[in-house]
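Worksheet: one structure, shown below.
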Amino acid sequence: MTSEIKIGLEIHCQLTYLKSKLFCPCYNDYRFRSPNSNICPICSGLPGTLPLLNQSALEHASLLSISLGCKIPNEIIFYRKNYFYPDLPKNFQLTQYNAYGITSIGVDGKLEYDTGSKKHARIRRIQLEEDPGKLVYENNSMDNSFYTLIDYNRAGVSLVEIVTEPDFIAPKDVRIFLNKITSIVEHLRICDTRLEGAVRCDANVSIGEGRRVEIKNIGSFKEVEKALSYEITRQKTMSAREIEIKAETRHWDEARKITKQARGKETEEDYRYFPEPDIPTIVLDNSFLLALERNMPELPDQRRRRYITNYELGDHVSQVLIDNKELSDLFESAIAIYPAPKAIANWIVSDLIKFINKNNHNQSERNHEGSTSISELRIEAKHIAELAKLVDQDMISRTTAKGLINQMIKTGELPSQLVQKTNASKIDDQNIILDAIETVFKDEMSAVNDARQNSKATNFLLGRIMQFTKGKADPKIALDLINKKLIEST
Amino acid sequence: MVSRDEIKHLGWLSRLELTEEEISKFTLQIEEIIGYLNKLDSVSLSEIEPVRSRKNISELRKDRIEPFRADPLEGSKNRKDGFIKGPRLN
Amino acid sequence: MVNLCSLTAEQIVKGIRNEEFSAEEYISQILERIEKIDDKVNAFVVVDNSGALEKARHIDKMVRSGEDGKDLGSLAGVAVGVKDNICTRGLRTTCASKMLQDYVPPYDATVVRKLKDDGAIVVGKLNLDEFAMGSTTEFSMYGSTHNPWNTKYVPGGSSGGSGASVAASECAISLGSDTGGSVRCPASFCSVVGLKPTYGCVSRFGLISYANSLEQVGPMGKTVSDVVMVMNSISGIDDNDQTTVDNEIPKYTIKPSGNIRIGLLKEMVEGAEPEISKCIYSAMDLFSSLGCECKETSMKSIEYALASYYTIAMAESSSNLARYDNIRYGFDLSSDSYEWNAYFAKVRSYLGEEVKRRIIAGSYVLSSGYYGKYYLKAQKVRTILKQEITSLFKSFDILIGPTMPVMPFKFGEKIDDPLKMYMVDINTVIANLTGIPAISIPAGFSKKLPIGLQIMAGEFQEQMLFDAAFLFENTANIQRSPEL
């Protein structure tokens, strides 16, 4: 029996940049509103109401289809998925379904991704569907609650579902793939992935000939890799002990970091799909598709190639920039102010990013669902541009500049302002440096002697000068003067 | 052809609590109805497309916000702090 | 005092405008009449006395202050009854079901809003078979409506209240809904005019769905002219219903006509009770005498129509009625001691027998493995019917036949045999399946019970229907008011 791992994904992205819901003109932005204050007769499922399909939702979903290499059919249809649940206002969900002909917004696509080696995953289909409402329980516990509280504010929000073939062979690959999906939907401006609940991912895993296990309830992209690693280990362990792996649905328990059997009677639900009579077949004609291609925003891969070609940035640096659209946006705004692409890219990728990751780390400890935005650090393009410029013009040393970043993100002050405040200018006044050299030479006589023979010792002296001047001395000038002094005094 | 068990299952699927009497009655009646619907078997339909109305994407609703200026659930007796209160899930 | 109740909508609008009588006088008489006779007819589920009088007074104020005719509205002052599956804001809308027993909609259906905008006065909600499923109005939680011509007989259904109320002069016009004949059947049994418009011609926003790919709101009245007036008010594309179409017809008219090419569908005539066929042949003779070209013709695919209809209707209803779980609207039954599945199953057990039957059968035909055999096939049959009827309309302007294959029958006669009950729809379902418009007009009587003539025309050819119907009505002069 082979131990070939097969992983497939079902990714849900909310179309957060729409103004209204998928089938009614309520606010799409449902977060932080009091319960049942963002509803209308349509999305609360009142009798006699009809779904009113949002044109822009089709446009956004189509952009995604194109960017994932999918074919968009000429005609699309919505279907009813019939089942009962308290969060479903109509006790059916409006979605798309391809069993009786291809009618969803995208099929048969492919997305390449890079894990060190070039890989790709096939996209089986992309479909539009509506989000259900939200359920809240007494004491936050579904198991102990005597009743369920239902909030329909989210009901009817647009979701786009991406279903892949089981083409992934490792959790790490999945993480890289999901990063790329994140980058794509950000670049398309169809999903702000930082919003709580904006992206979800279910996964299915099988090993070798074993049955497929579905994992649901994974709360964020970040948790997917963990859930998959756990499940694969679980299945491998069972396999080694010759225990049969049942085909089942399991839930990811984020708190305990395990997958557990889904509770309740799992009789296979018969969804009795049929086409929604209240929504006509939608014709997506050529003029629509052409307009879409024309207005397509620049995709991450295109952007990366442009960085490499036009700005001669390295592969790795380019990748880091486009993985987070905020970084690449910051980069382009900064070079528009001060055209030094390589320098600015480096500042962002080597230095600024540490602060973002650090912030991320803090937030995940606080169980924050979203990821850090640069706007939460008070840094803008002009900050980075100015920093690069000051260093380039030798106004401050690189070391000083690194130190400034810490300040900048907290106060939002420009580098030039900070420099003035702390008098952080590089000391290029030779006299001041000469003074420093004299003092240091007096203290480090043996090193001075060594330095006359061995240039490596010179670096030690330079280090002491930098220390003495609190890093403010211009190293180039200081080294020059040290060498001169060494020669002088022989 | 249509069995009692099928009717029970369909009752569950439709969330309809049925008495034994109802199950028996419906089994007979629905068997008869489905028997009549089997007439459709005798039509040759392989080349035919089903009827559907069609619209161009340009005819759909524009993405604009129009909040509903009343509480659609005002008449509901089961409100608690704004939520709709429903039965427990466990 | 002149009996204002028996006036047509046309006469009422004129009378109020010319200050021959006031709207308040008229509405008061209407409400009195309802009070007096609705015990026998049971057409109304709820009557809005205060609302109707208030609206009438408002119209009288406008008349007295010399409002221009247009501002007054094309239907100013006319009493209209609305089938209780059409939403009326602030007025209970129950679908004759326990599941909506206490439901008060927060919005008006588009058709109601349009009638109100044109000055019509909603006097109350009309009885129906529960959720519009039935052909006799016997399946209502408010008891059956009775045929005003003979109260021992059914008024037809599911819009029984709509037909009976107009026949009994309890209102001048009414709105019903027609999914498989539910406007035309009561029109035929109650001897009034009832229209099923082309699918997509009239908005379904606010019509509580039973089978949404088949149904339309339909007007009923004593005369073709009244029905035309209502159509001019309620038809048209609606942003709230994406299945409505812009049919580009500005206004329907009543005008003299002739030279209509008429096809008599032999399958329908041959399948009817003898006194009905006799009446229809007489109708055909009348048309001929008026200069129309009449020929018998045939539609072979009719034999599959009923099977196709019930498959689709039951399938769609099983899904459309899923939302009735008593969580947001319904009746008083606390969910406190229940687990949610048990609660849903318990409350929904209060649905009526016919509704449950259709939901179960509908779930059956949609269930995994059966979709291709039933629902998909039934939808394809519609295409075949459409193709055949379109080709017939190349040779004929209209197709006629009896609306119903049977005379009105007594209560209880067909209620224990579902399939037997379904068979009465055999002539009417074709129009719903193909989307074409169809009208039923009074054609005669047999043993003092009404017979209706059905006229069908091509898609969006309502004007053709009105022309033919008016031509017949003008000459045939069938009695309009029973002795109630």
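All chains are identified by letter, namely A, B and C, in their written order; residue positions are counted from 1 within each chain.
Keep in mind that, in the parts below, a residue touches a chain if its C-beta (ideal position, glycine included) is under 8 Å from a C-beta of that chain, and two chains touch if they have at least 3 such contacts.
Bear in mind that the values here come from a model prediction, so they are computed numbers and not experimental data.
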Geometric centre: closest chain by C-alpha means: B
Dominant chain pairing [most C-beta pairs in contact]: B-C
Whole-Å separation of chain centres (CA-atom averages), subunit A against subunit C: 56
Approximate Å spacing (C-alpha centroids) for the pair subunit A, subunit B: 40
Subunit B-subunit C separation of Cα centroids, rounded to whole Å: 23
Overlap residues in subunit A, where contacts from two or more other chains coincide: 41, 44, 46, 52-53, 84, 86, 146-148, 150, 270, 272, 280
Subunit C residues counted as touching two or more neighbouring chains: 103, 106, 213, 239, 242-243, 318, 322, 325, 327-329, 335-336, 340-341, 344, 363, 367, 376
Per-residue multi-chain contacts in subunit B, two or more chains: 13, 15, 53, 55, 60-61, 71-73, 84-90
Residues of subunit C touching subunit A in the complex: 86-87, 93, 95, 100, 103, 105-107, 109, 204-209, 212-213, 239-243, 315-316, 318-319, 322-323, 325, 327-329, 335-336, 340-341, 344, 363, 366-368, 371-372, 375-376
Touching residues on subunit A, where the partner in the complex is subunit B: 18-20, 25-27, 34-41, 44, 46, 52-58, 75, 77, 84, 86, 135-137, 142-152, 270, 272, 275, 280-285, 288
Residues of subunit B defined as touching subunit A within the complex: 13, 15, 52-58, 60-68, 71-73, 80-90
Subunit C residues touching subunit B - in the complex, by the definition given at the top: 102-104, 106, 199-200, 213, 239, 242-243, 245, 303-304, 306-308, 310-311, 318, 322, 325, 327-329, 332, 335-336, 338-346, 348-349, 351, 353, 356-357, 359-361, 363-365, 367, 373-374, 376-384, 386, 418-419, 422, 435
Touching residues (chain side subunit B, partner subunit C) in the complex: 2, 6-7, 10-18, 22, 26, 29-30, 32-34, 36-41, 43, 45, 48-51, 53, 55, 60-61, 70-78, 84-90
